[in-house]
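One structure, pasted below without further comment.
Chain lettering (A, B, C and D) follows the sequence in which the chains are written, and residue indices restart at 1 in each chain.
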């Protein structure tokens, strides 16, 4: 597979390390109520869609950036690639 | 119809015109006691044991395509009971014991071949871990032998003992491990279940689950609705899709695992061999092909096909331990979809919805579990009680922290 | 031995003779031959034996789709089984031998199977061999196994060299027939970067096999000219002997280039190269493959595909028979007959299944609306019998059942082809992104259509890639379109009709499997093994599907195909592994003291990719234990030195670095003062212990973290995740310094004295100035920057000293020199292990990813005051359960006995079965200080059971041992030594 | 009082060879510094960068070649740069980096990497055996660089001339990396 890095251009997927569903960047607040419940769901439950999937890849053999890749899990077509830093700048506390 | 050498002889004389279908092709009834969704190995064995062991034969197996088209039709045929953890090992040993009596039981030769499995180790910590595992195997009655280098050289002289990057120091061996002709398992269970009155319905995709006041009362299919007192999901690989119909999320990701077979060769390998410092395992089929595989590709996929890096990684592993296979040619590569669970262990459980049951999360270990999985699932379906040897495979185990993590990788499916 | 009898051939040099051996039989071929063409020229029609019935087999095709003529081929110092004689390029001294027979090829004892074929029909083995149970592994299976298989693999290492590589292009052209050549020229002239791959060793494809004309020029000559023209383009790379075997995601293709298989020895160069080709676009111009017809005994040597006969005739000038007959359901079979006749070969009959066939051939007896019902001749066909009873003597029968477009590569990404019931073939559909299919691969059989299709498809590609298109005109071509009528199987024969020639699948097997309920095409394949041969059904699948369709009274399209899977043609596993074998399997990482340790005669051990010194044997030491015991005792007595460079070192900087560490470590880090080091326990977010190490604060916003050797990469990745994905607001930056610093542990009562000899005077490292857990940036040996950490894994007064790795080799030598007066010893990983067990430190065997902080007795450490990775999930009930596993120490009650790691632990007088299992021994060692075996392990509720005797059960070598539970700190529990 | 002095050694002892027409030599006199851009202080970092190097900060994946190509400044990622200094005047640059220390987090990386200069007419044929990115001259011209992987080893590859590259790889595995290069040279 090829991942089209927003800054570095197309790179073979073997330069990257896969982590999983992009929702893993939304780690719950540890002190919110039912945080145990929230952490369980965050850590263990997955949508696992057949089709479009937002997922995390780490460019370990490149710029060391964590990327959100939107990929179709049936055709493997890559629809979009963004740096986590770029998509969630707004999230900064 | 009973199969035997005599039967073959008589049929041969009359031009093989008298054979009967291995299973019927019935029209779906309006209602069943139990509907098993998924005509793979686990689904068919579940139906077989429901009828045979628990006297429930008003059962339908609904298969989207042709029976055995799931992972039972695309695995690398290995059976073993060489697990470490209490929650796993007794279950897999039960499965192994069932393999050992399967063929005579359902009168179908699935070529259960217990030629042994050898897990190579390459350093002392690995050996220590194998001693611990070997003891767990013996404690569960599975049997295990720890071979040192000298002993291993005798059984597998072709291994690269003298020039390996990661020296081969020995192996943990389970003499009762081996291989089974995978398709024949599906056909044998189908034949057995069918003969006990189970309806096997192919080309019958389930398109929805019918819930009535939070209770599952049947399914919608491409061939119309079918009522049932209990619905048993058994579609590893597509588990999330089915459970989504019930509005439930699973601790599962779907990943592609590739498998490979070489051209036919005269006997070259003793049994199953697995590499301890890379991703490679291999056995040789009765037909002569080297059947081998390695790690999953590592990304979510429903494509039933993989990519080059894994193919190359696996072949590198193969050449690293047995350089004699350099001129054996890869004939075919394919992929199956794995239910990769969050701790690498499966689920056989009720769901939060009454009447809806779940079996899945087998990662790439499902084939060897086929008999015990079906049996224990049938037990749960028939008695609404967990079989003692499958009592830990619960969907809520992560809430309690009762993790069954053989590899110690944590909540990341692609590392298991 | 036959004399070489040659007509004119378009791609051979008749003057250059080449000697070779088949089964020790001397034969002679000519330059340009394949083994198959040369053997045919020598009148050798018997090549092999079939898989199941061991029937005699000849050659069916002239290409890589060959199912029959598989031989064992000696090349580059090794035998290669199952090699297709039709693809082996002849060279002087070539050796080949037949395979899959007991006795000689001519008299194969296994041929007895053929007489019992009635009882060996489809799936017979599923119905018997079940009694008695024990016979399967002992008797039935070994017999089946030795009968099965094809060639024999040499039980020795493959001596050849293999390599891999990466190529990039705008357009990959797959197949250099007329369509491929045209596509390449069109793309080249339009400035695309093109790679043209051809599996054959000549370009032209069927142009060399037929006698068509292009622009009034013979096809094969036209191909030669075009190749010369193509070579003029700098933007084109032509690769012959290169098979594109697979199409993968995003335009990546796999290809194998056979570099030296056409010469006797590779001469130290790679035999084959595995290319990964990265493409923007690809065009599949792989042509079409002829199929044959199912009729009685249609498998005899001498029965070939009609087009193959034409290939042997026109390309190699070989006439494969003295009395040749043709059987066809289309006009292409007639073309073969005509060309044979025109080259003066003896054509005895043309049998055309079509009533209304318009074809004629003067001087050749023709039978229209006729079919062949049976044939005779054991090792070579002697005669054929027509349905009307006519018998015709013949020694070579050409069969033409129509053409299958070669769509394989267009289906590798799960594309499903569609059936065309006029052309009677599958056409490509749902093609992978970026690919186009042109020429006969796309169902075009008239040469001018092939050219036009190819040019049009290439024009589209040129435009898609944003180039301006320069028009290319379609050359004038001779040729005729395919006119075909269904004739798949000749019914009414008593004999078996073969469908899969290699696996011996007959039409009877297909009928039987249907009878037994195997109605899905996948079931058919799996039950009968149809299409599972080394040609993956290239010669058999469509025929089998058509027969299935006939049985089910439906169309071939409705029956559907099985899935096309890579590789297109089989690929050697050695090639797929490339150079990654033996010591080159993975890279080595070497420590700064590696050269020095080698000089010292150290024994090395692989830890991950690192090579570390395991121990340093002295000449008088016979057993490793002697060396290790000495290293431990000397270290504890005076001072020892160990290279600990392999521990992961992560340099962490930033205003929020302290807060960051506070969150990634389970224990509090916020208040660590500058100049101090602290032990850190890292959990995964699921609360399980992940890694541990020490982290030093060198300045307000500068920390140096160490990780275990095993987790160095994983921890860095995890920290980057935390920093980029979880806490972007924190100003923290990391860079790995593992390779940048050479780090040595200097341990033992005299370690300070030793260090004082090399640390520059202006740094005071006396206990009060530089106490336990102190750290600092210092200079040594007169101004060299270094870092000093007072940490101890051994439990002794100890330091770790780091210098830039360029000085690492020098430093170890200086340390040993300076240490002479204290009898300093180097120690390896074994002694390191012994000392950490004596001290009760957890390591890899304990931190195995299944162990919690609570298990380690560190539950209290976990910070509850702030959010940190893992603290919440570590509060789950099973984590907090009383009676849970605890890390403790163990000693044998009988001190002379030794413990074994991996033993399971049981209370005394209780049955040793899994339910009663209470824990296990994780690490053991002989303690030379205590002079007996000691161990660390986990046991239920262990911390409350100190003093209790339990049983260590090691069934693996039937060893039961009474062991006492003790504190894990075997030595200096108060830690006086390390604070000294 | 001590009389010990440390000797510098090169990971490949200053390797220089020509293998099958490919020239390979270890770069023994370079310094590498990593500059991290403080989060939230990107603008000030940019200005001081311009002040010290009088050139703009390169974009991610691009480099600036200054002091007659004696110093390459590579933008490794959005918050990190590598400065590779080949010039003889090391001390002068050290001063610069000390000056920059106020605006960047600076970490010396000289010892983490070993650089190899590889060249020759067939250098692309040699490298295409192990380098997965397209380094054809039209796609990867002089002063292009990339961080990628070869034979399981992380590398930074930088084109210095039409037929010459500098490749940097981790110092601990550099012997294996050199082996990978020489094998590629032999195999063409």
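The rule is short, and it goes like this: a contact is a pair of C-beta atoms (placed from the backbone, for glycine too) under 8 Å apart; a residue touches a chain by one contact, two chains touch by 3 or more.
What you are looking at is a predicted structure, and each value in this text was computed from that prediction instead of being measured.
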For this structure, which two chains share the highest number of contact pairs? B-C
With chain centres defined as C-alpha means, what is the inter-centre distance between subunit C and subunit D in Å? 33
If you average the CA atoms of subunit B and of subunit C, how many Å lie between those two points? 22
With chain centres taken as the means of their Cα atoms, state the distance from subunit B to subunit D in Å. 49
By residue number and range, which residues of subunit B touch two or more other chains? 303, 307, 399, 411
Residues of subunit D touching 2+ other chains? 80, 132-133
Numbers and ranges of subunit A residues touching at least 2 other chains: 1, 12, 14, 19, 40, 43, 60, 64-65, 75-76, 85
What are the touching chain pairs in this one? A-B, A-C, A-D, B-C, C-D
Considering only the defined contacts, which subunit A positions touch subunit B in the complex? 1, 13-14, 18-21, 40-41, 43-50, 53, 55, 71, 73-76
Provide the residue numbers of subunit B that touch subunit C in the complex, in ascending order. 3-5, 7-9, 11-13, 15-17, 19-25, 65-66, 68-69, 73, 86, 89-90, 103-104, 107-115, 122-123, 125, 127-136, 138-140, 144-146, 157-158, 160, 163-167, 181, 183-184, 187-188, 202, 262-268, 278, 284, 286-288, 303-305, 307-308, 311-312, 315-316, 318-320, 323-334, 399-403, 405, 407-411
In the complex with subunit D, residue positions of subunit C that touch it: 161, 163-168, 193, 268-270, 276, 278, 579-580, 584, 586-591, 609-610, 645, 651, 653-655, 701, 728-733, 735-741, 757-761, 780-782, 784, 803-811, 814, 817-818
Interface with subunit C, subunit A side, in the complex: residues 1-2, 12, 17, 19, 24-25, 27, 29-31, 35-36, 39-40, 43, 56, 58, 60, 64-66, 75-78, 84-85, 88-89, 91-93
Help me check something: in the complex, which residues belonging to subunit C touch subunit A? 248-252, 278, 413, 433, 685-686, 713, 717, 720-721, 724-726, 728-729, 867, 871-873, 875-876
